[in-house]
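One structure is given below, encoded as structure tokens.
Order as written gives the chain letters A, B and C; numbering starts at 1 within each chain.
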Amino acid sequence: MDLDDIFTASVFASAIRLATPYIFAALGETFAQRSGVLNLGVDGIMLMGAFGGFYAVHLAQTAGVMAEPLALLLGVLVALVVGGLMGLAMAFVSVTLQAKQGISGIGVYLFGLGLSELLFQQWVGTPKSVAGFPRISFPILTDIPILGEIFFHHNLLVYVAFALVPLSAFVLNRTTFGLMIRAVGQNPEAADAMGVSVTRVRYATTIIGGMLAGLAGASLSIALINLFQQNLTAGQGFIAVALVYFGGWRPLAVAAGAMLFSFVNALQLQIKVIGADIPSEFAVMAPYVITIVALVFATKRQEQPTALTKPYERGE
Amino acid sequence: MKKALLLTLIVALFAGVMPTMAQDVFRVAAVAPSATNDLAFSQSMYDALVAIQMQMGEDNFQFDFQDGTFIVDDAAVALREWAASGDYDLVIAHGSQFGSVVEELAGEFPEVSFAWGTDFNTFGMDNVSAYNAAADQGGFINGAMAGMMTRSGVIGVVGPIEVGDAKLYVDGFVAGVGAVSEATVNVVYIQSFSDVPLATEAAETHIANGADVLTGTAQMVVGPIAVAIENGARWFGTQASQAELAQGAGVAFQIYKWDVVLAEIIANIQAGDLGGQSYELTLENGGLVIEIAG
Amino acid sequence: MNQAVGTSLAARLNRLVDFAPVLVALLLALLVSSVLLVALNADPLAAFGFMLEGAVGTENATAETLVKATPILFVGIGITIAFRGGMINIGGEGQMIAGALAGTTIALALGDARVPAEMAKAPGAFDLVIVASALGGGFLAGALYGGLAGFLKAYFGVNEILSTIMLNQIAVQMMNFLLNGLLLDPAVAGFNNIPKTARLVTAAQLPRLALPLGDPWVFARTRLHWGLVIAIALAVVIYIFLWRTSLGYRIRAVGENERAASYAGIHVKRQMMLAMFLAGGFAGLAGVVQVLGLQYRLQTDGSPAGFTAAAGFNGIVAALFGGLNPIGAIPASAFFGGLLVGAQKMQREIGVPASLITAVNGLIVVFVVSSEIFILQRSKRRVSLQETPLAPARASAKRADSPDPADEPTAEEAG
């Protein structure tokens, strides 16, 4: 077995696919955390978004009332709305009611986990597939050897996820809204004194986080896997939260973390497929180990937003 | 005279209140780790109980089913309650992980009949039946078909953990392929029965490495099935029929007909024999059936 | 004198009223779940009736509730220490597994060494050396696993949320590997249906627990075991540790204000590691007690929850419901144990999918944790009205600058 068999173009393509839901969810969580809200319920929101998106597409396609692209667009919209609503609930609970964020997030997770499965059982029953976002074949580009396979043969949501990375960085670092988010997360008293509504900003970021988590779920159920099953995400939302810490609350680094994690995962699958004689357990474990190790050896460490997990109450 | 009247009254009352408790209704209760419609292991038992109910009639056979008890303790509570209630002629623990619970309960409730699987172990108790599936048999047939069908000469397998009927099936499948062709069989165990995203990407990796035929076992195979459909690969399944989901890709499915084993266990219990044997589904006894997709 | 009695009664009443928002939250959760139940064509009253019956309706139900509560309590005690020390430990699942692996290995090895084969299944032959070693080993393994996250945080700045989430997955794969290899039950080595160890000899098992309150003894035919007693005793010990020893004080000081603690000469990094070490140790105990007291062998279906029953997560919830006080964690764990066990009964009786129960549990968590603000506001109002010594020390709890991550009122310090 030589390295050419391991580091194939398909492994890189696979890593890009695997990273897509993590990027959506982790970028959303980055916004929330930057403003001071830790949302541990990402996985539950992803599940609800995955189910919502899947069910909308499933209904539209069985009824046959709309064109294929429209059905998929509807699925994306439903996932965004469902995710946004759950983000809104999380914001209400943790910003307005000032509930402990770690615990309320776990509540949101359990709620999404249970409700998505319940609705699936009641409305769909057994796993059914939908025609999800197709892979795009670009003229010329897709046919480029190696690069074409790695970069130019994915579905639309994959490109959306990666496009969101620089966009998020821009919003956070270069816009007034981004400045407000950072101010609110770093020093809410000062932000408040300057006339920034801490509450409104935190609501906004938590809802954005929810919408992106919903989209992360939909990227699984209507683009990458094209079906729904109970606990479809298998804990990916928690990994996404971890990746926010990995990336030190910077979108580019968060996405890099998602790529590293996914690349090791793709690599371990490839190594097993071509028949390397290592125990499966260690192969499956590898992405988790390497993520920690990478962080240990990364030199530059970011301070976490000072007000993270701390509800804000105006002084009298 | 008065006593007799009272007695009649009581009998009448009971007859009125509990019409379903009539003497010859056979009552079964079962736990299974996943959903009853998982297209896999848990569904195979649910389908079997429904089949038996069809055969024996609803007046003669009733069952309670608790699914989703992948947490062993949750299953343990249900099993204990059913055993202690004395209402059930047979209590089924459908999952290898429930062995310790069955062993303990069977000792504590010697008058209750238990069945569990997949395993051979009856713990030396005469109120425990164990059941197993010779999944390697159907695996061999699926493998032989796959070996003849592949054009690329590469076949991909997505397995959960390398134990039990999953390992049996995969080993049988690999042997089946080897019996008829020189095709390469790539096997990946993803260390989970339920992680659909990882199973999906494992199937994609198989395709990327040239596989044009896929198979797999456990409830996470819904992901690989979708991959097979999308890439025009062929799919072989096991445990329950996945024909509907695998439309266009499905070739053959090994189906577990637990009703064959259950019918035997039930007949024995009705004859006063509470257990002590282990049973196996085979192609020969009709417990394993190969369904060819339409 | 009379007046003192009156005041303390008033204070007690006040504290009772404190629970009102929690009750309202529970009622709200019930209401929403009723809507869901009605949507499923199920009778909510019957459903909740079965839930209650399943939790405490019979001797066995009560026992199962306590059995379910036991690992949650162990984890909850540990989480209390971690959160008090400012560490968010999401790694209970992995630490439970680490503890169970070590404890089971010790129990199996010592069982083989100390108990002749023909005595392996003999009843009543409890061996303190085996059990104590296994519990100690389980504690230590969990502690080292949790301590690793503390170490990475203290010296490499690796956030503990990240490391503990990752370490959970690593622990599961280690368990899969060991149970399907080194620790695999030799009796099933040729053909094993599920990765599992051999069964513990009787001497290595934690005895079942029964109370001499009748004949037969109460809980005699249930799965209740001594793990519960150990957990409750340790809750008291940790309460004393946190509030009556200087080491406990230092842990809390770091949790409340890292910088201030550092100025006060406290070795912050050491306290961080210690908090995670102890938290992991208690999760490890939860894991080993599940094996020694309940399952008598360690097995895995490949998922963490298959073994832990998600106690590593539920323990977080219980710890926070318990007001981050180990004593408070006792009723909180019992409550969650009852909820989980009762929910299963509800599913059995009226065929409502178990997933509904998961969702309802989530609602209860969200609602109850959201209700705390009302308790807090009440106690603030109370403080501003009467500055008496009896007004609980909640006065000190200002939401905005209370310590990360737990940011909870420190009411219990008043007691």
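Definition applied: contacts are C-beta pairs under 8 Å (C-beta built on N, C-alpha and C of every residue); 3 or more make two chains touch, one makes a residue touch a chain.
Since we're looking at a predicted model, the values are computed, not measured.
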{"item": "B-C or A-C - the one linked by more C-beta pairs in contact", "value": "A-C"}
{"item": "Chain separated most widely from subunit C, comparing mean CA positions", "value": "B"}
{"item": "Chain whose averaged C-alpha position falls nearest the assembly-wide average", "value": "C"}
{"item": "Separation of mean Cα positions, subunit B and subunit A [Å, integer]", "value": "35"}
{"item": "Distance between the centres, which are taken as Cα means, of subunit C and subunit A, whole angstrom", "value": "30"}
{"item": "Rounded Å distance between subunit B and subunit C, as computed from the means of their C-alpha atoms", "value": "34"}
{"item": "Residues of subunit A engaged with two or more neighbouring chains", "value": "121, 230, 281, 284"}
{"item": "Residue numbers of subunit C (touch at least two other chains)", "value": "173, 176, 180, 353, 355"}
{"item": "Subunit B, residues touching no fewer than two other chains", "value": "162, 191-192, 194"}
{"item": "Complex interface listing, subunit A residues touching subunit B", "value": "8, 10-11, 13-14, 17-18, 21, 121, 125-129, 220, 224-227, 229-234, 236, 265-266, 269-270, 272-275, 280-281, 284"}
{"item": "Of subunit C, residues touching subunit A in the complex", "value": "36, 40, 88, 90, 152, 156-159, 161-163, 165-167, 169-170, 173-174, 176-177, 180-181, 313, 316-317, 320, 353, 355-366, 369-373, 398-402, 404-408"}
{"item": "Sites on subunit A touched by subunit C in the complex", "value": "40, 44, 89, 93, 97-100, 102-104, 106-115, 117-118, 121-122, 188-189, 230, 238-239, 241-243, 245-246, 279, 281-282, 284-285, 288-289, 291-292, 295-296, 301, 304, 308-313, 315"}
{"item": "Subunit B residues within the subunit C interface of the complex", "value": "33, 64, 66-74, 76-78, 80-81, 84, 95-97, 99-100, 108, 118-121, 160-165, 191-194"}
{"item": "Of all residues in subunit B, those that touch subunit A in their complex", "value": "35, 37-39, 156, 162, 186-192, 194-198, 200-202, 204-206, 208-209, 219, 222-223, 225-226, 229-230, 244-245"}
